[in-house]
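These are the structures in question, set out in turn.
Below, subunit A partners subunit B and then partners subunit C, in two separate complexes.
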Partner chain A sequence: MVDFGFGLVPSSRINLDLFDKDKYEELAAVEPDVRICMACGSCTAVCTAGKFSTTSLREAIEDIKNAQPAKAVEMLQACQLCGKCSMVCPRGINTRHLILSITKTYSTK
Partner chain B sequence: MTPLFHLLAVQAADPEVIDRIPSGYSHFVIPFTIGITFMLCWIGVGCIRLLAAIPQSDRLKFWKSLFLPKTIIKNLKDLFGDCLLHVKIWQRKPLLGYMHSAIAFGWFMLIVLGHIEVALFVPARLNVTRGGLFYPIFYRYFVWMNPGHTTLRGSFFFFLMDFFLLYVLSGIALAMFKRFRSIVLGMRHTTKPSLADRVALYSLWMIFPLRLLAESFTADLSGGSFLTVGVNHFWHLLFGDKLWFTPCWWAYSICLGLFFAAMPFSRYMHILTEVLWILLRNAGIQPHHPRKGVAEAEIYACSSCGLCLDACPMNVQKKNLKYSSVYFIRFLRRHNEKKINAIADKCLMCDKCHALCPVGVDAPALRRAQRATVNNSLPYDYSYLPSACAGQLSEQKVLYFAGCMTHLTPRIIKAVDRVFKAAGVEYAFADRDGGICCGRPLMLAGKTEAASKVIEANKKLIVESGCDTLVLSCPICYKIFKDEYHLEGIKVVHYTQFINDLIASGKLKVEKIDEKIVYHDPCELGRGCGVYYEPRAALGQAGTLVKASKEYDESVCCGGSLGSLTLDTRDRARISESSLEILLAEDPETIVTACPLCLKTFSEAVSNSRLPRKNVAVKDFAEVFCR
Partner chain C sequence: MIYEGKQKIWSEYQKEIPDDHYFYVRSCIRQSFFPASEATFLDITRNRLGKDIFETEHHTTCGGIAYHSDTIPQETVMTIIARQFALMAKNGYENYVCSCITSFGLYCETMETWREFPELEAKIRENLWKTCKLEFAKPKFLIHASDLIYKYRNLIAAQAVRKLVNVHTGEPLKVVEHIGCHYSKMFPSKGVGGAEYPYVLTGMIEAWGGEIVDYPERRHCCGFGFRQYFIKGNRGYSLSNTHKKFESMEPFKPDLIITNCPGCPYFLDRWQYVIAESTGKTYGPDGHGIPALTYEEVAGLVMGYDPWDLGLQTHQIGPEPLLDKMGVEYDPAKKYLGKNGKNIGEPLPCTCLKG
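Our next item is the complex of A and B:
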């Protein structure tokens, strides 16, 4: 069948087959805190940059687990590293280092 | 000794000092000459390479600074104070200061006086082609004192030389003692020496006892004073009339040679390199790279003394000792990339190591530069900034900028508002509905370029508001607004300064109540911006100010600092606890701080603490003035 470039399924479809376990372990090695996030969204609620753009650490972590790292990296580019998220995180996640580590690990540039 | 009598006969004028060895050379000087030549070549090449590596404009600035009267005076003051007398160590730990200055200043005086003696008595020998490199060092070996013609001048120098030798020896004795029980000299932790350090250290220990041995063996020929002549009599008692002194001079020369040969690879290079660093520092040149140019001078100026070990807040736990500035600089020197990055990321950037460093090595700045090599190139997208920072013209002359962290602790905003209302200050609130970050956290993380974008956006917002005074309640913001924003015509003040002015001018009435208050110096405000006096002056009006066991530039980070990238919550909690203990030294009822981060950290630490005092209140500075 000829592919006309149209599809019924949006590109945001979650495909866990694409999940890169090695890359995730690489990230968890530099910042193990990524494993303990419980996706409460406190970070997103206080985010300085989130007020002006659609950025969310909670979502970025979910995106990585859902095999969409490019989306996560894109989203975290708005971050100003102000550290409010680290202050409110109930799990005590070192959010600033996690954000830097996600960008370092998954950035294609 | 026949040549001696022969010489005496020839020199009818009977000078005070006679060349005992007419050639002015003996084989024993070889080890010393090799060592010192190697070291001098090494440092000469190093200096040229270093100066070549700094940008042209900085180099010009450096040369110019050497001729400006103001910097000349400062240079002289710092070279004497920091390199020779070690004033900064004296002030903190007198015994340690004595030890360092005894070795540095004592040795310096021995070298200078030795050269003056040669210049006075056998001036021809100062010429390099006639042994000028080694002759003044081994002067006592080469000369014979004419006993019939001792003068006051000669005896004066004998006394000085012996005095300074004794002075150095007392320093060396303390240094040896320090190896075994450093706490007596005021150091809990000391640096672990590397191999080259050990070689240089043990030869340094040996140099001066051997010098005493050598000079005392020859004292009956070449003269001496209370020390060398006294010891000389003792040798005569022990060994009889004939003293065989050449081996002593050989040993002395070998130790000197060994020391100078090991020097470039050891901590002792700081003896010479700190001179260069002080000159560069006073010229106001900043490092652009963590390893090249000025940074290299800084790295080699580190004496590895380890004063930063006890200063570092992370070192409440022994496992964190390896992240101290002294090891950071050691690994930078060795180009150990992996370790450098791990250490650079761990630091809380409280700046205490920099404030207390005897030679002012700015390790936090080097850590920031190191972080930038990794993080500055990470992608960022701040296209939303223009919409976030649409400037609004305001009629008020006072603009208050709360900052991200203050928005997390709105009690500060409320307190500031009440204080301003009570004092009748009309103000505009720059980020009432939330603004953007000041850029300091990005800067601390090494994302310098991203930080400059944020700074630009905020600057526009502030300039367009038309204010003439900008008040900040967060020291992190204050630091970067003061250092990087360059807001011409706008007075940037921290709210502690602003409120203190309000009290001083009588606009804000303060009622003094019977409350014991301790003030915690936030790192960015105290060491970062030098604001120590204003908060204390204001608090003194509101209650009884008691002391913490460590204050001013000795104060310890609360543990909540944004500076660290990798320090985890448990380690931070340990720091908070020890910092709390320091504040509670005199049993205060209230802890007052002037930073939203410290406020939150201490509030949590008090409730979690295992300390018996749980009823101590933690307040923000502004809250004290709106009771």
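Our next item is the complex of A and C:
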């Protein structure tokens, strides 16, 4: 292969056709709260790990819906399960349990 | 559907294109990219259709590349453009037709700016007189050369010796049409079909027997973007634009891409080589690419011009599979022979891309 000194930029394209509905239903079966998140970002605002990394539960849920679960799992690796997010969630979501369920459902390791 | 209503709406997307008597201005880069396209335009309009198209050797670049690269101020560009318009008036014309989409967009932008800011127009009028001693004038009609071929599309079809049809299957060729962004995205009312339904190339393809491919990224930029390709560090963005378009059109298996901008055929053509050589991916059948031609070259092919006289050997993507599909006769031995019969030099073979 020829090196031209420049190359393709990684695509930021979101292909919703790749959304795995069965997997999402599997997650929703053990964690129905995933459906009621309104993406307000309160969890992100108070996240302890978020001060040092890009950890964001709101973004992780969006990533799953945007057919990018690997990105979501990687993001949640930094979570310390401190539980501050569950205290501020206006929908009363058990966020720690949700984070563990997402990691368990979508983790490939 | 109320047919009259649809007709009324569509009429708002139309553009008045005079039939004859034009002052023609060439592009500064097309002659080095695809050198025969402008000559073919002049030959078709003047000699085949009998139109009055005048050009002068005194005109210059419009300054568009420098303007869009932020290297010269707008007033300088406007004075350059005022000089072009003055040359038109000096030679007795009031219809202005330009070969380049960047120029066309810039002329539209300049005319609109003068309309909005008459004091700026007065200043440019003064600049023109001080620098060139020429009288300021504005064209009555500002047209892109593809508008003119669009207007003459049925006259060209009447003289066509072949259609955009696969002679082996009898099926119409699948054609991707790509319109330069500066044609109607900036000033929708200046283009045939506006920015929403640009029809200038579609009309040609339909008149010449081809079938339009409607794919998701149809209106996406080709990747020309001045500041993207000028700087090597940014060139990946240009390449990625083109890559996105090709990934989107690939499932539709197009036979041909037709364009009306100087940069689009260049980048849609050359970046296929770069994508192939750097990633191994090709978009045509059997390791070939998809030929990206200018509308003059396509018009020339349907009117029976020799493909080597149209300059198709200057394309990175070999045109032979397309010529075979269309039933165009050509002599492979003459591909790299110039007008004087001497070899013009051949490119080295590619590793991944055939042709």
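Convention: the second predicted complex is superposed on the first by the 98 of 109 C-alpha atoms of A that agree within 3 Å, B and C clash if a C-alpha of one lies under 4 Å from a C-alpha of the other, contacts with A are read in each partner's own complex, and residues count from 1 in each chain.
The definition used in the following text is that a residue touches a chain if its C-beta (ideal position, glycine included) is under 8 Å from a C-beta of that chain, and two chains touch if they have at least 3 such contacts.
Since the structure is predicted, the reported quantities are computational estimates derived from the model, not experimental observations.
**Q** Determine, under the contact definition given at the top, whether A:Gly92 touches first (subunit B), second (subunit C), both, or neither.
**A** First partner only.
**Q** With both structures placed on chain A, which of the two partners, subunit B or subunit C, ends up touching more residues of subunit A?
**A** Tallying touched residues of subunit A, the top partner is B.
**Q** By the touch definition at the top of the document, which applies to A:Gln77: first (subunit B), second (subunit C), both, or neither?
**A** A:Gln77 contacts subunit B only, not subunit C.
**Q** Determine, under the contact definition given at the top, whether A:Arg13 touches first (subunit B), second (subunit C), both, or neither.
**A** So A:Arg13 only meets subunit C here.
**Q** Identify the partner contact of A:Lys21: answer first if only subunit B is touched, second if only subunit C is, both if each is, neither if none is.
**A** Neither: A:Lys21 stays clear of subunit B and subunit C.
**Q** In the superposed arrangement, which partner chain does A:Val2 touch: subunit B (first), subunit C (second), both, or neither?
**A** After superposing on A, A:Val2 lies in contact with subunit C but is clear of subunit B.
**Q** Where on subunit A is subunit C touching in the complex?
**A** Listed in rising order, the residues are 1-9, 11, 13.
**Q** Given the complex with subunit A, which residues does subunit B contribute to the contact?
**A** By the definition above, subunit B touches subunit A via 345, 374-375, 378-385, 387-388, 404-405, 407-408, 434-437, 439, 441-442, 445, 447, 450, 454, 562, 565-569, 597, 600.
**Q** Quick one: in the complex, what on subunit C touches subunit A?
**A** 232-233, 235-237, 239-240, 243-244, 274-275, 277-280, 351
**Q** For subunit A, which residues are in contact with subunit B within the complex?
**A** 46, 48-49, 51-53, 73-74, 77-84, 87-88, 92, 94, 96-97, 100, 103-104, 107, 109
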